[in-house]
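For clarity, chains are labelled A, B, C, D and E in written order, and residue numbers in each chain start from 1.
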Amino acid sequence: AAADKIAVGALRFTSHAATFVAYERGYFKAEGLDVEIKFFQAAQPIAVAIASGDVDFGIAPISGGLINLADKGAIKVIGGVLHEEPGIDGQMILASKKAYDAGLTAPAALRGKSFGITQAGSSFHYVAHKIADKEGFARSDIKLRPLQKVGAIIGALKSGQIDSWSIVPHIAKGLAKGPTVEMIGKVSDYIPDYQVTTVFTSAGNAADKKELVKRFLAAFSKGADDFNAALVDKTAGDAAAEEMVKLIHKYVYVSRPYEKAAPSIRNGSMRINKNAKLNLTNVEDQLAWFQSENLVSKTITIDTIVDASFVETY
Amino acid sequence: MADNRAETVPFRGGGFKHKPAVAVSMMVFVVLILFWEFGSRTGFISNLVLPAPSEAFTAFLQLIETDMLWKHLGASLQRLVLGWTFGTLLGVGVGLLIGLFSIVRAGLSPLVSALFAIPKIALLPLFIIWFGIGEGSKVATILFGTFFPTVIATYGGVDNVDRSLIRMGQSFGLTWLSIVRKIILPGALPAILSGFRISASIGIILLVAAEMIGAEFGVGAYILLAGSLMATDQLIAGVSILSLMGLTMAWIIGKAENYFLKWRM
Amino acid sequence: MDLQLNNITHAYGDMAVLEDINLTIGGGEIVCIVGPSGCGKSTLLRLIGGLERPGSGEVLLLGQPPKSSLNPLTYIFQDFALLPWRTVEGNVSLALEDHPLSKQESQEIINDVLSRTHLSDFKKALPRQLSGGMKQRVAIARALAVRPSVMLMDEPLSALDSQTRELLMEDLIDLWTRESFTAIYVTHNLQEAVRFGHRIVVLSRRPGRVREIVKIERELDDRGGDNAELDEVQHHLWELMRDEARAADRELLNG
Amino acid sequence: MDLQLNNITHAYGDMAVLEDINLTIGGGEIVCIVGPSGCGKSTLLRLIGGLERPGSGEVLLLGQPPKSSLNPLTYIFQDFALLPWRTVEGNVSLALEDHPLSKQESQEIINDVLSRTHLSDFKKALPRQLSGGMKQRVAIARALAVRPSVMLMDEPLSALDSQTRELLMEDLIDLWTRESFTAIYVTHNLQEAVRFGHRIVVLSRRPGRVREIVKIERELDDRGGDNAELDEVQHHLWELMRDEARAADRELLNG
Amino acid sequence: MADNRAETVPFRGGGFKHKPAVAVSMMVFVVLILFWEFGSRTGFISNLVLPAPSEAFTAFLQLIETDMLWKHLGASLQRLVLGWTFGTLLGVGVGLLIGLFSIVRAGLSPLVSALFAIPKIALLPLFIIWFGIGEGSKVATILFGTFFPTVIATYGGVDNVDRSLIRMGQSFGLTWLSIVRKIILPGALPAILSGFRISASIGIILLVAAEMIGAEFGVGAYILLAGSLMATDQLIAGVSILSLMGLTMAWIIGKAENYFLKWRM
C-alpha cells in the first residue's frame, strides 16, 4: 500500500531531534509514513496549525492556547517529549548582573523582582509561579514582563531591564558565560517532574486514525532512543555522537558552521522520554495552574486535553 | 408644422446619484450579526473558526464585570494620548519648519519619507534597547508612528496654502510672522487636522504592536493574550474595543474640525 | 421641430425654483434666457433637455426630429465638459460612439465638424493644451457632430475672458448665419443676449417666472459694431434687472 | 505722488515677458492696461507693487506718499484674496494689524470703509456666505482701509458674472467720483477699459511692449448709457488687438 | 510736484518659495551616515544601541554572498505580489460597486470603514485558523490589508468624478455602460492609482506581520529573526531592504501614473 502522507511540525531546536532522526534514518518510512517536516518559528503556531489541518503531529509545551484548542475539540496530547529529570541539566533560573549584585543570588530572593516571560500562559509564566509557590510568597509578588519573543527577553535581561528569567540549559549556559547574566538556580528544584513538552495530534487523528498515531509514535520513539543513546546517555560511543550531531546540524543552527554549532547542539541535548511516556501528574498540575490563573476555563478536564490510550502515563 | 405629433422630452438624467439609505446600512449589520450568531449556534460556523457574536459579547461583559476593562483601557489610553500628543506636536513643528524653510526641507523631507514607510513592528527590538521595556518604548512606538504622517500632512498643508493669499499678505506689507500666523497656519489647518485623523488611527493600530513589549495591561496586551490563548471570543471583543476607540477618536477630531473649520462649508 | 414648454413649475425640496413657465421655440430661432443669479436658468435648461423631470408641467417636442439627428437636444456647457483624457478628436468621437455608425462615417463627421470650427489643426491636442476659447470650440464641434435639432447652451461664454468671448461670439454668429440652428441660450450677459437673441426671455428672481419677452427683429449678422437700437434694448433689459441683480448680489449664501 | 516706470524689461528664465515699458502715472488718474492673454499684464503690476523685482529698469515713486497712507501701493486681486477664516471685518482688519494703531482707531477705519462700500450690514459674515461681487467689495474696503496712494487692480471684475460686473463697475465709478484715487487697472475687457481709463495702455503679445496709449477725455461719471465716442474707442482697441487675441487663443499650452 | 525725491518701489515679495536643494539633501544623508559610522567606531554610539552602518552593510553583503537575499526577497515578493494583486483587484471591484450602486454603498461602506481600521496583527491568530500556516495566511494578511484602502480610494474616486462630465454623457444619450467605461473609470483612475501607492506601502509594512506566521524565508521573517536574536546589524539591513522595496514600488506606480495619466499635466 502507498505510504500515508503526514506533516509534522517542528522547530529548529535540538529538542525536536527525535523527529529529525526518525526522518533521516527512515524510521517513518519503515512505518509506512511519508513525512513532510514543516518548520515553525515558535511552538504555539504548531498547535494552531494542527487545528487548521496544516499539520498532523507537533511538539510543544502545554500552553493556554493548546489547552483552549483542545477544549474546542481540535487537538489532543498523545505523549510526552522533554522532561526534567535529576542528574541531567535542565532549565535554569537566571538573574541579570545588576539584580544579582543587588542581592538576587537565589530564587528565594525573587519576591518583588521582575521576571521575563514571552506571553501570559507560557511555560515561563508557569515556572515563575511555581517558584513563588515553593518559596512561599504570593505569585503576584513576582512582576511578570511579557515580551513576546525569547530574543527580546534576552536583550532585556542583558541590559538589566528585567531581573530574572528561566530557560533551557544551552541558552542559559551561554548567557551565564557572559558578564551580564548570572545563574541562580534550577527549575527542577521547583518542579521536579516537569513535563516540558508534549507530542500532540488533531483530535480527529486521535479518535479515528489510532493506527496511524501508533505508527508515528513508534517511529518517533525509535528516533528518540537513538538520540538519547548518542547524546544524552552517551552509550553509543563518540563516533555515533559525532554522527548524531552532524545529522541534527542539518536542521539546527544551519546558518552556523559545524564547528560552532556542534557544542551548542551537544549542550542542548536533553532527554526525550522513552516511548513518549507522559507525566500525566505534572500535566494535571499544569492544567490546574492554568485554571487557577483564569487563563482557561475551569470546566476543562484532563481528558479533554490528553488521550492517554497511546503511551504509558504516570 | 405639417407633423403635429407632440412628444414629451425623454428623461435621460438620473442614476449616478447616491440616496443615503441608513436603514439598509443598519439592516446589513443586524442581518450579518444574526446570521453569524445563527451559524455559530447551529455549528455551521465552527467555534474554532469564529466564536459566536454573543460569546464575544459575553467576553466583553466579563471585562466590565471584572473591572479589567478600565484597567486595559486606561493603560492604553494613557499610552495613546502621550504618544499621539507628543508625536503630533513634534510632527506639526517639524512639518512647519519643512514647509517654511527651503534648507530644512532639503535636509529633512527625504529623511522623513525614508523613515515614514518603515514598519514600526520591525523596530520593536531596537525600541526596547533605546527606551526600555517600561512605558517608554510603548509611548515611543506610538510617537514614532504618529510623528511621520503628521510631518507630511503639515508640510503638505503649508505647501497648499493659497499662494495668492500669501502674496496678498506681502502686498499689504505684513511681517513674516504675521503671514505665518495669520495666513499660513490657518490655511494649513485643514490638512493638519486631516493628518490627525490618520495619525489617530495609526496610533490605535500601533497599540497592539506597542503592547507587545512587556505590557501587563492595555487593550493591545489583552488582544495579544487572547491570541496566544486562542481565546477567539476575547480576541474579537478586544478588536471591537479598538474599533470603538477608533470611532471615538474620529468623532472627536470631527468635532474639532467643525469647531476650527467652521469657516469652511 | 419645435419645442413647447407648458406650465413648467419646479422646486428643490421646499425651495420653489421655477414657476409657471410657458414658452414655444420654433425652428432656426435663438431664444436667449436672462435673469439674475440663481433664478433657475440652468434648471430650466436641464428640464428642457430631459436631464431632470419637471415638478409639474411638461416639455413637448412638436413634430419628428429629422432622421439624421443623432441627439435632437444637445447641450453646450459653461465648463466645456470635455474629457481631459481624450484628444480633441476623441472628445468629439465620444458623442458618436454609441450610435451605429461605421468607422469611416464617424471619421467623416469628425473631420467635418472640426473643420467647421477651425480645429482641424488641433485634432490630436489634449484639452489641457487648449485655451478656454478653444475648449469651448471643441464642445461646439462635439455638439454639431450629433446634428442637433436644438442646441441648449448654458452660459457658453461666461468662463472665458472677455477678448476670447468676443472672438467666440463672432464665430457663433458666423456659424448660425451659415446653418441657422435652433438654440436656447442662457446667459447673464445682456450684451450677449442682444447680440444673439431673436427673442430674449427675462426671468424674475427665484422662483423664476417670465417677466418679459423682448423680440429683436434685426438680423444677427447685422448686429456688430455700434448700434443704437441694440444699446437701447440692452439698456432696457438692464433697467428691468438691475434691482433684482443687486438684491441677488447682496444675499447671504448658506445661511 | 506719481509713479514712473523706466525701461522695464522682465523675463522668466528664457521667456521674455515684458520689454522696455515706459510709463508715468500721475495723481488721481486711472490708467488701464489691456493686452492679449499672457502678455505680461499681471507681471507688470507685480513689478510696480514691488512683489517682484524687474529684470532691468526701475519703478520709481516720485515724491513722498502722504503720511496718512499706511500702504502706498495697494492691490486688488482678481480672486479677491480674502482669508476664508476671517469675517468681513476681520479681513479688513488684517491690513491694519501690523500698523501701530489703537484698537479704536482701527475700528473707526474699518467702520468707515465698510460703510463706504455698503458693507456695514455684513461685518460678521464669512467670505463663503458672500456672492462674488460682495467679496470683491470687501477687498476694495480692505484696500481703502490702508489709504493707498495708488491702487493696483488686476482684473478686479473678471471673476464676476456680467450683471455683478455691471453693478460693481457702477460702484467703482461712484467711489472714484467721490475720492478720485490713483489707479492702475489691468483688464482684458475693453468695455471696462473705456469706462474706467483716463488713459488706456495697449500692450502687444508676449513679450509685452507698449503698442499704443489711448487717452479718453470724457469724465468717468459721464460715460454711462450709449455713447458713440466710447464705442468708437472700444472698436478701435478691438481692431488693434483682435488678431493678437486670436493668435493667443490658438496657441497650444504646455507644449 | 513740489517734492522731487524719487525712490525705487520697495521689494516685498520673496520668501515662502521653495528652491530645490538636492545637494543639501544628499549632504544631509551623507553627513548623517558618516557621523553615525564615526560615532559607532569611537564607541560614542554603543554597538548595542545601534550597529554601525558599515556593519549593517556587511550584513547586507553577507545576505548577497550566501544567496539568501534572493530567497528572502523572492518569498516576500511572491506574497506581496499575490496579496496586493488580489487585494487591489477585489478592492477596485468592490469600490466600483459601492461607487455605482446606492444599495451596495449603504450595505458595504459602513462595513468597510469598520473593518479598515482593525489592526491586522491582532487578527493573525484567526488568519492562521482560517487560511492555514502556509502561504495562504500570509497572502491573506496582505490581501486584507490592501483590500480596504483600495475600496475606499476607488469609491472616493468614483464619487469625485466631475458630475458635469457624467451629465454631459447623459445629455449625449450615452448608455450606462458607456458612461461607466468612458467617463467614470478614467475619471476615478487618478484616485485609484494613488490608492495603489498607499496599498503598496501598507502591503510592505504588513510583510513583517504576515511573516510572523511560520515563514522560514522572507524579508519580514529575516527581520523578525534578526530581532529575536538581537542582531541589530541584520535588523537594519532588513529594514533597509523593505525601504528599498517601498521606493521601488513607489517608482513603479509613479511610472504607471505617468503612463495612464499623461493627460494630466
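The rule we apply is simple: contacts are C-beta pairs under 8 Å (C-beta built on N, C-alpha and C of every residue); 3 or more make two chains touch, one makes a residue touch a chain.
As the structure is a computational prediction, the values presented were derived from the model and not from experiment.
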Original post:
Touching subunit B and subunit E alike: which chains?
Top reply: A, C, D
Subject >> Most widely separated chain from subunit D, with each centre as the mean of CA atoms >> reply: A
**OP:** Using the touch rule from the top, point out the two chains with the most contacting C-beta pairs.
**Re:** B-E
Subject >> Intercentroid distance (Cα basis), subunit E paired with subunit A, Å >> reply: 40
**OP:** Please work out the Cα centroid separation of subunit C and subunit D, and write it as a whole number of Å.
**Re:** 32
Subject >> Computed distance of Cα centres, subunit D from subunit B, in Å >> reply: 46
Original post:
So what's the Cα centroid distance for subunit A and subunit D, whole Å?
Top reply: 85
Subject >> For subunit A, residues that touch 2 or more chains besides their own >> reply: 48, 51, 151-152, 155, 159
Original post:
Which positions in subunit C touch two or more other chains at once?
Top reply: 49, 51, 73, 128, 254
**OP:** Indicate the residues of subunit B shared as contacts by at least two other chains.
**Re:** 12-13, 48, 124-125, 129, 167, 170-171, 173, 224, 228, 230, 265
Original post:
What are the touching chain pairs in this one?
Top reply: A-B, A-E, B-C, B-D, B-E, C-D, C-E, D-E
**OP:** Quick one: which bits of subunit C touch subunit D in the complex? Just the residue numbers, please.
**Re:** 36-37, 122, 125, 128-131, 133-134, 158, 161-164, 166-167, 187-192, 225-226, 228, 231-232, 235, 238, 241-242, 245-246, 248-255
Subject >> Partner subunit B, residues of subunit C touching it in the complex >> reply: 2, 4, 46, 48-53, 58-64, 73, 254
Subject >> subunit C-touching residues of subunit B, taken from the complex the two chains share >> reply: 1-13, 265
Original post:
Of all residues in subunit E, which touch subunit B in the complex?
Top reply: 12-13, 15-25, 27-29, 32, 48-50, 100, 102-103, 105-111, 114, 117-119, 121-126, 129-130, 159, 163, 166-167, 170-171, 173, 176, 179, 184, 201, 204-209, 220, 223-224, 226-228, 230, 232, 235, 238-239, 242-243, 246
Subject >> Residues on subunit B engaged by subunit A in the complex (per definition of touch) >> reply: 47-48, 124-125, 128-129, 132-134, 212-216, 221, 224-225, 228-231
